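One chain, chain A, links the two complexes that follow: it is found with chain B in the first and with chain C in the second.
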Partner chain A sequence: MTNQSEQLSRASRLTLGLFLILAIFLVRLFYIQVISHEEFLAKANQMQISKRTINPERGQIYTKDQNGEIVPLVLNQTVYTVFADPTQVKSPEKVKQLVTEVAGSQVIKSNFDKLSSTSLQYVVLARQITHSQAEKIQEADLAGIGLQSSSRRVYTEGKLANQVLGFVNADGKGQYGLEQYLNTELSGKAGLLQSVTDVRRIPLTIGVHDVSIPAEDGTDYVLTIDRSVQAQAEAVLQEGLKNVNSDSGSIIVMNPNNGHIMAMANYPDFDPSDYTKVTDATAFQNHAVSYAFEPGSVMKTMTTSMSLDLGKINPDTTFTDPNCVQIDDAKICNAEGDEKFKGRTFTMTKVLQYSLNTGVIWQLEQIGGGDITKGARQTMYEYFHDKYRFGQTTGIEQPGEVKGTIFSPDNVQGNKVRYANMTFGQGVSVTMVQMATAFSATVNGGTYYQPTLIEGTLDKDGKETTRDPKIISDTVVSDGASRDIRKMMFEARRGSWPTADGGYYVGSKTGTAQIYDDTTRTYSKDRTTGTTIGFGADKDGNAQYVIMVRIEYSGNQGFAGSVAANPVFTKMSNWLAQYEGMTKP
Partner chain B sequence: MSNWAQTTNRPSESRRNKLAAAEIKSTLFDTAGALKLGRKHRPDYLMVVLMIVLSFVGVVILFSITPALTGGDNDASTKFMLRQAMFLVAGLASFFVASRVPLDFWRQHGAKLFVIALAICFVLPLMGALKIPPAYCTLGACRWISLGSLGTFQPAEFLKFGTVLFTAGFLAIRCARGELNSYRKTLIPLGVVVLAALFVLAIMQKDLGTSISLAAIVLVQLIVAGLEMRKLAAILGVGAGLAILSIIMAPHRIARVATFFGQGDATADYHINQAMIALGSGGLTGRGLGQSVQAFGWLPEAIHDSIFAILGESLGFLGLLVIVALFGLLLRQIISKVDYIENIYLRLIVAGVFSWIAAHVVLNIGAMTHLIPLTGITLPLVSIGGTSMLFIMASLGLVFAISHYTMHRKVKAEGSNEDASPISGRRFGRSRYANRSRVR
Partner chain C sequence: MTNQRTQFISTRGRGTVPAAGWGRNQNLTAFRSERRLGPVANTVMIVLLTAFLGLLYLTQLTKTSAFGYEMNAIDEKKTQLAAERDDLKIENARLQSIARVESSSVAAAMTAPTDIQQSE
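And now, the complex of A and B:
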């Protein structure tokens, strides 16, 4: 040991020791920086890169006023949530006082107790306060208090057209109505701001991961709904329901010449700005499109249009009423009280006026050459299903539209009895919107326009781009048949209610149908559907509007169609004739 | 001057030791009682180049993250960069001044500087506790003197400089008297002084990093002076015991150790994690200068203690490889002087400066790479702006001045005594003096 003269000096040994340590550092650095690079890079990216969604503004919904000016119906409003970070709050008492003073009823009082908690960092003190309220909170500048903005829907016309519109839920998703059907378009596209940020989450200009996709705001829509017509329709329906103690009904007003829905309302309804109060979700549903029912005698207009178009009848064709007809194993009669007509001869116009079931069955038999042959049924199916489009959705911009039920003659259910019943609106179910649209086609000269609630879209400068009406078919019925049915309905209505329309050219047909109860599989004895469908025309008999009313009726003052639905129709029609400035013949 | 020289006139114990001591004394002083320096020649410019390159790296990396520090404000950035440039100039000035001061000046006044520095370090926490203005405290640690807009002055760095001078002088005399390995004459008195300094630094100022580097300075000086290995072991044992005691007594140190073993408090964990993320995300070649994200507030102390991690993020493994190599080279340039200088005092100064810088480098990089616990210490030269830079540059100036007097050949003292001290063994565990003692 003593002989190790070649031993290194202490200084050299220190150097060696240091170099060993530095070598260890380099190995360690190689491990961290090269071998574990991906792992740390992922950690760094996760921490440093912040992704922020830029919320687009939801499309707003507009309507038109009586002057044709575009007016808002559904707008967005920025509202604020007041929250506290109890760990930062210095004076809970001051906070409590300020928030109570400013936010009043929107305060969540129970959360004040949590202000002194040290374990919580987020306590909501008030929700949905307005901008001016939020400003007051901001001005007070209390420690630990923050504001979060969000957007909510504001309904400038209150409940107007509530089921057509639907509502937007707390997650910002459209529910029911246009809000649901057009949710994607109304929502727009969220933008993305991805950026490397500093520790305070402020974006930096360095980094290759930066992404900036601006948000695309949702589409603004202009509805075909006319604010005044809708308001009137809702009022008239409500009043009519009240008059007959009913709690359920619908009304549609549409322009037969382009398929525009001018008004669409149902009862019961709801308040979209307070939708959480609704206990029965059926109030959200737009029954005019989502509820199929047996329409009853209003269907006679459709049967008659078919017969006219086929040339089997003209308005003055006569038939002799047998009151009842035996078809296979069923005996089908006219309504109660019509026995007095037995053996008398009626024109087809009178068949509509007196609503003779036997009259429209007779029409069908004429199509079959005297019997309800398979061929006759086939023809009727072609009209009802293919031309009138019963049993098919119309494509109106509403969710939950149903097809209704119609049996083809090839189906065992599509037998003679059913087709006989179908001529006067039993054994077939349709929605209000199907019926009104098909009826429009028969009175407008034979063009089936797809019913629509959307007139067009608004660009950011408030300029409207209108959509062209969508023609499904322009050969539903002939022009002549269309003219004839209008005339027949006009005369039939004037025969029943000579003074109802103040001289305007209005035609209508009522219907009263038994309501089929799915649970008992029988027709209800005391509940009927009263319907009225009709049009208002100018002095030349060109239809300008179509109105359909449906009311569920449990009274015994007469037929629901005449007693419950017709007064609503009349009131609406009279108002509309004036509103539209119609000319009298 | 002569006063200090006269202190070596005491007789040594053994005859052999007397001879050895006399030999050391003869290389220590000239006939006039001044330091014996030998022939002056061309100094070590490579060392200066390395120093400038490293501090230039510091300036470049600092300028590259200036936007992160000033929030992108152009005026603030310019001001900041100017300020840092001034710090660098101040550092270079202190190097220049230290390199021009006659070496005898340090021999005469080194101990005084140490005492003054220790006194300041001692008074500072007391002033801080009483909230007397120039004392500046953060997080309960009063280590700084506020200099207003110029920043802060950390006297602990001054103390390290003083320690290098004081210990070198103290040990040189003990060597010249042949008393280096005497507990009574050397080790216990030195131990008391060092423990007093450590008490001031570690307990009063709560500055563990500086304490460790101060202990390292004294320890390396002892080793180079020729301390017996058994005594070195004893000192290390006592030191370890005291270190453990100090850790147990201070909760924040327990936390730091806990952090190191992966279960510490969030703040320290956060610092280490951020440093590791900075290094790791840098990869082989780095994100590039000015592309550091961690500098934007993620990594605490980005310009001071954590600058190494920012370097790693910006320049990658390859960049750090170069920087570590530069440090290795610089330290080798310093320590290598030891074997070429006869004068024990100067050798001990060089050893002290070496261990000072080495301790900073090891403690800093070790902490950033999660190999040793975080002690909060700057990376010498690269971390611009601290008081540490001023004194490290001054100490390098000292070494530069000494580099004028190296010999051509390694110091070869009587065959086996390479560092020319007949008292101290050149070999670990085998000092001639120790052998002799045992034989006797």
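And now, the complex of A and C:
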């Protein structure tokens, strides 16, 4: 009995012990599964669930050719980085041979030496190889070699419209031009894929918390730029600059009847697919919108349009040229060499042709009843600022657009002398796009269209949705004043260059202004800005295109407007008149 | 473990309207089985059923997981095809670019016209 009791007691103890251990397990399990539930759930999710960002495709940029066909300007390309894990590479020589054969110039030869290293696990062997090259490397199936995909921008027309387009930096962010201005729209929205994955991080469809938010690709844009016009504008600008040994200039071609920019180019320029080689960042800037300058005598067209609209002059109104006028303490004269006109009587059309400063000052005096009164200055300010919109950004789709400077008559600087100077384009600064847009309004019948580079957007099926032109004002000048200024400019141009246009109805005005140096706070003595602005019209005299050219000139063969800018204008206009199929009067 | 007994129960004449219960092909006879499962058989059945359901769940889960791999493979294929499409699009655009056309042999062989006459 005693032995039996002892045995039973031992069995009981064993049972008790087992239950105790079981109880410990249970308590531990309770602790893990109930009390620490959240903590372990989070750990498990962290190990099993992977979150992956789905990158959207960046919107692409298109333009049109002569036939109105949509052609690409900026596309995306999937490219690959070839990397090696030296600890896994079995035959460095084979790897070296394969990568050299396939990747060619994209190989980073200096990294081949690292293939034998045992301490490195990631060595880049080649960058930016194409899909077909990547396939060859994949087919070789060499141990320790991997591929990483990424996307890059491809500028299919090379440097064409480079400053209008801008570029995309290594972080995928748009810089300068449309790439910067439309960065949000072009970028699209990233998607999210959250799911349980296997050990190779392949998403499985078994998780209860799986999330799949598809990426929204960026918007595809169609530009108003005409590919052929842009190419021609760039070519004639560069040729023109070369002819006068200049290193800086711009050109704008626009449709005055809807505000569409057909071409916009500047020099110096850059290659957007090789932007890292640019040493001077000013090459990235679209000076047609970001550089304000004193335009010089091209402004006389705007002053004359104002005077016509106010009914103070007509094309045949005459005035007698005094050559110089005294305004307060300043003596303002015509350009050097125009003394021969002193005392002669000219029509307003001839004032434009001979570019008489005194003639446009006289127009302003007529507005004030014979003097540049505050009322005359206020009226001029209303035209220049409110109607022509100088001193305001135009809203064109480019970053860094500047307003330029115009002083109100209420400002101490808005005195008689300044306003007298403003009539012929000094003492006021404007951008090319401001000037071309305002000029368009004066020659199209009086409608100010917001200048634009965007014609519309493309959907995924390639169908275009066009945007309506945006009218800012349709009362800039009257239809009659518009018709008169076109006629005056046509006659003025024909008077100066009778055979330049091959019989087409073209009107223009040149200008030359000294360049103000912000550093020395003085006007440069040997450097001037030559400008030409004008239009081409059909046989009925309706303006079909507007061209503005600006060239910085250091030569001494004449006025920059006539010597440097006008030849570029003429060449562009003649080409454009034929390209557009214009009819001669 | 089980026992079985068959009991005949006539339902004839149970209708609320006696005449209606005598319709054609309505031989209303039911057999109630007297077989009963014991506790062990019940447990075995439940275990088997649970195992079967578990197996069914696992096969479905595996099948669903396989969809994940299939989807991944299709996604990869789609990405590859998109890359190929982009490459072709770029090649096409480059072949038709202005610079390319200008430097083509056709353009090089062109001569400037000596006289142009326009008709309106």
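Just so we're on the same page, the second predicted complex is superposed on the first by the 576 of 585 C-alpha atoms of A that agree within 3 Å, B and C clash if a C-alpha of one lies under 4 Å from a C-alpha of the other, contacts with A are read in each partner's own complex, and residues count from 1 in each chain.
Definition applied: a residue touches a chain if its C-beta (ideal position, glycine included) is under 8 Å from a C-beta of that chain, and two chains touch if they have at least 3 such contacts.
The model shown is predicted, which means the values in this text are computed figures rather than measured ones.
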First (chain B), second (chain C), both or neither touched by A:204: both
Touched partner set for A:160, first chain B, second chain C, both or neither: second
Touching partner for A:34 - first (chain B), second (chain C), both, neither: first
First, second, both or neither for A:47, with chain B first and chain C second: first
Touched partner set for A:213, first chain B, second chain C, both or neither: neither
Contacts of A:11 with chain B and chain C, given as first, second, both or neither: first
Which of chain B and chain C A:22 touches, first, second, both or neither: first
When both partners are placed on the shared chain, which of chain B and chain C touches more of chain A: B
Common interface residues of chain A - those touching chain B in one complex and chain C in the other: 198, 204, 206
Contacting residues of chain C [partner chain A, same complex]: 61, 64-65, 67-69, 71-72, 79-80, 82-84, 86-87, 89-90, 93-94, 96-99, 118, 120
Chain C contact footprint on chain A (complex, rising order): 71-72, 75-78, 130-132, 149, 154, 156-158, 160, 195, 198, 202-206, 227-228, 231, 583-584
Interfacial residue positions of chain B with respect to chain A in the complex: 68, 220, 223-224, 226, 276-284, 290-291, 293-294, 296-298, 312, 316-317, 320-321, 324, 327-328, 331-332, 335-336, 338-339, 351, 354-355, 358, 361-362, 365-366, 369, 371, 410, 415-416, 418-419, 426-428, 430, 435
Parts of chain A lying in touch with chain B, wherever the complex brings them together: 1-2, 4-5, 7, 9-15, 18-19, 21-22, 24-26, 28-30, 32-34, 36-37, 39-41, 43-45, 47-48, 196-200, 204, 206-207
